[in-house]
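What follows is a pair of complexes built around subunit A, which joins subunit B in one and subunit C in the other.
Now for the complex of A and B:
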């Protein structure tokens, strides 16, 4: 540690270069964090999916409905603990651009199924009492500036006409990565007003006694409704979400893979700068050795200097990225999750350390092996 | 007075190592910049090419896509009789009432199921959409479980080649033809008989989802729309087909653009830092040289221009390499989920000359930013001190 002032003094010798090198490290790490966030955006659904939840869909197509009568029949299947259902409603607020993920939900089973969403008890009760009530996620409420008790006009896209809801509750996610853009209202409100296709739901969500029972229960449900007019396809929530990710997959793969190439290029640029700065001071290292500093100490000094670029750069880049992601989704609501995972930040930090060492190791070894006489002779 | 360009070219050559790094940095940024834009462009072009300005699409009022819409047979009859609908030489109105669904089919590469759009059409669908041809085989016969598949579907999904038997909706369908629409969204669709499709999915027989109409001329849209929306029996949305598909492309293109620009912007900062470092060390290594040039009588203006030119030269080389590196992705076909239709859509990257020009412009900009400050530093050098320095 007694060399610390020496290393710092070296950093301040060429301030512009130090600032630029730290800056490009920060840019690289910011980019890394951003790519990690984009990656989480597409895979986020998979990670937050409950392991003990199954999704029951119509086998022919995801947009085909299932009859409401399946509710009781699914509940009879062994190891099914709990069940709820929902209908995708869609809809927009004021303008087509303001598309909101709206679902008609079952007031009995919904809340206990999705325990990751926190709703104050009195708000939930007010919602259940009001047939036209709705509960909306925190981020959507903030986006449109709604307050409790507001009457919200929504233009239906699948179910035409103007629908009005009273905001009775606001839900929060218990984890940072939970989706708080959803809008829920009572299923009976939808079913009473529909002109055709009454008594059907979009999908069922089933909770099984334990995650091990997933496959068994899924098979039992599909078997029960085999050869009926509405055959089902049941899968775990995780594999359902993963299926979607696979389809978006191509774009995600493209963004993430080109990003990685770029990251590598940036680190290369940074590394070469460090190497350059060490090479320029060959003579000084020779002087240090003449003064009696050991080979290892000189190597350590060069490596430490390299890390002195990497560590502050990484800290700045990651902090800025975290602040940036906390501002919310830059596309204005197209991405349901936009969240920088602390684990990914740690990974970024480790990456920066590794890059710092990688960039410094060759100059450091050269400095260590430096022969004093030759080095001093060089101009 | 300007310094000869050869001076800059030679000094770039002398410092080839650090120049190479700066060139690579800028090449990378330009390549990604063009790639991102060509991806967004390709996606948009695929959808926009699907629409024709002479066609109108009629959906139920309030619905944003065909998927959400519903139109009854009675309404189809009203639409058919509305003035502005083109008639074929036999006097038959050119209207195609359609049913749109999604089916999940296994992909060839992974075997994983992906959602494909299935369009139930009538026999006249090809007359309404003139840009679509049958590339191989023949059109399906009405009332029989036969399908024609888009060219992308044919090579991306299992059992979808000519003569194969595809399975969806609990029924086997014989593939009798391959559609070619020149790279539009229809190449990612499967077409079959609308009435049979309704039966297969046990949907009401007299319900369609949307109707596409060929107008007697593109200018007729307004009159046609007026005729339909003033009819009290109808609550429909009438939109030009091109506009409809343009709108469909917005979500994904916005997403690619915003995320792409963000990534490119940060990369550009990193690359400019790299270029600045290179140029600053170029200036630092040449203190005496610069001072000599100054004492020969060149003004500080010509020093600034000279160093700026050097940096722009490095950036432009980077730009050209970046553009060349990105050219091979032109035509590369990727597929993604189109959020509006809930089904996968194949599209080809499009590297167009104007995108390449934008990429070069971007490189130029990075070169100017990266060169300006070092150039100013070079110009401000006190001549006497610099001459004395080692």
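Now for the complex of A and C:
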């Protein structure tokens, strides 16, 4: 700590250079944090997916339906504990830009299947009582400024026409990664109004007695409906979510690639700054050594200086990124959630420290190995 | 008392024996110092004179543990410094040697106070103790009122005073001065020489000074002349002294 004022004083030697270098760290960490947030957005569904839940889809394609009659037949399969179903509806509010992930859901089983969504009991009951009722996630409600009791007009995308719903409930996620953009309404309302594909659902969600039973139950379901007009493809929710992410592309690879380039550039910028700084101060390091500063102390001072670029830069970048993510989903509702978690922030900070050390290590070693007599001759 | 015959039987603060320093330049060997003997007692003020390349600064570097000799030994207050490791030598320098350079070599981004405090950062002194030491050292060089000035805000003479305060703040065993007045005008140089003299007379410091300036050298108790790495003349040496 006693060297701290000395280290800080050196940072103010070239103010512009210091500001630019700290700014580079801030910009890089801001970008890293946003990339990490996007990664969390895409992979978060995989991570929070229920281990004991299976998704039953039409084997042909995700957009092909399954008969509602499968409900009872699936429930007869051993180790199936619970079941619900849903239909993808989509829909837009007021403008095409305002796309909302809307689903028609089963009022009997849906709530007990997705216990991670918190809905006040009286709101759920009001929803069940009202055939045109809907429950909407907190972020979508906040985005459009809706309040309970509002009549919400929606333009159908898959099911055309104007649809109107009464907002009966608002759900919250119990975890930061939970998607609070969804809009649910009653399946019977959809089935009554639609003119085609009546008596079918989009998919079933099955809860098994334990995660160990996943594979066995999935095989049993698919076997039960083999060679029928609507063959099924059953997989765990985790595997389904991972597959969905894969369809978008290898997000993690893209993020790692961009992150690596940013980090490499940062290393060049900071490494060059530190190298210049050490070269300019060769004489001063020689004087420090003359005064009795050991080689290791001099190395520590240079590394500490390098970290003094990294730490404030990282703090600024991560704080700005956090503030940015707190403003909500920048795509206007296309992302299920947009959340920078503390673990990613910590990872970013550690990464910045590592970059600071990596950038400073060579100049630090040069300063450490400096021979006093030769360096003093250059003063 | 200063002796240069190498016959002293111990008791001197600084004992130099058969000191050689050779540089290799390509295939050529350059003998900068050759078989040099020197004994300096505590409280002595010694000036080294000689033409450029005579080995004055090299000798000072060796005495200050900044460089290692090719042969011979240097013992300071009982410590054989020529066999010390780099880390130990750094600690030894911090404890025993105060350096004063021709170009002052202050750190430009630190105030006079912070520059003087630098060597104390290596000690276990508390902040309050460090403050007391720094203020005392700056008072000795008569710059207590300039302690928060940066080097660029000081004159050359004042900068050198700060450098002297930095050199004495740890109360080192001896001071090494390399052309301390070489970059100063006559009046400032006189002030610095007065100050160095005061350190010897009033505070009993041992000072070894390299200079080209005969007037500066005359302020020392002893003047040693070096030529081609050999001590060739000793003025005002102790009665038993002589050329080795």
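General observations
One rule holds in what follows: the second predicted complex is superposed on the first by the 369 of 379 C-alpha atoms of A that agree within 3 Å, B and C clash if a C-alpha of one lies under 4 Å from a C-alpha of the other, contacts with A are read in each partner's own complex, and residues count from 1 in each chain.
The definition used in the following text is that contacts are C-beta pairs under 8 Å (C-beta built on N, C-alpha and C of every residue); 3 or more make two chains touch, one makes a residue touch a chain.
Worth saying up front: this structure is predicted, and the values here are computed from it rather than measured.
In the superposed pair of complexes, A:51 makes contact with neither subunit B nor subunit C.
Of the two partner chains placed around the shared chain by superposition, neither subunit B nor subunit C is touched by A:354. Of the two partner chains placed around the shared chain by superposition, neither subunit B nor subunit C is touched by A:323. Once the two complexes are laid over each other on the shared chain, residue contacts for A:294 go to subunit C alone; subunit B is not touched. According to the touch criterion, the shared surface of subunit A, contacted by subunit B in one complex and subunit C in the other, consists of residues 379. On the subunit A side of its complex with subunit B, the touching residues are 16-17, 20-21, 23-24, 27-28, 30-31, 34-35, 38, 59-64, 90, 92, 96, 99, 155-158, 160-161, 196, 229, 231, 243-244, 246-251, 254-255, 258-259, 261-262, 265-266, 268-270, 272-273, 276, 330-331, 334-335, 379. The part of subunit C that touches subunit A in the complex is made up of residues 61, 64, 66-67, 86-87, 90-95, 97, 99, 101, 103, 105, 107-110, 114, 118-119, 121-122, 127, 166.
By the touch rule above, subunit A contacts subunit C in their complex via residues 2-3, 5-6, 9-10, 12-13, 283-284, 287-297, 372-373, 376, 379. Interface residues of subunit B, counted against subunit A in their complex, comprise 17-18, 21-22, 24-25, 28-29, 32, 35, 39, 60-65, 67-68, 101-104, 110, 112-115, 168-170, 201-202, 204, 235, 251-252, 254-256, 258-260, 262-263, 266-267, 269-271, 273-274, 276-277, 280-281, 334-337, 342, 344, 390.
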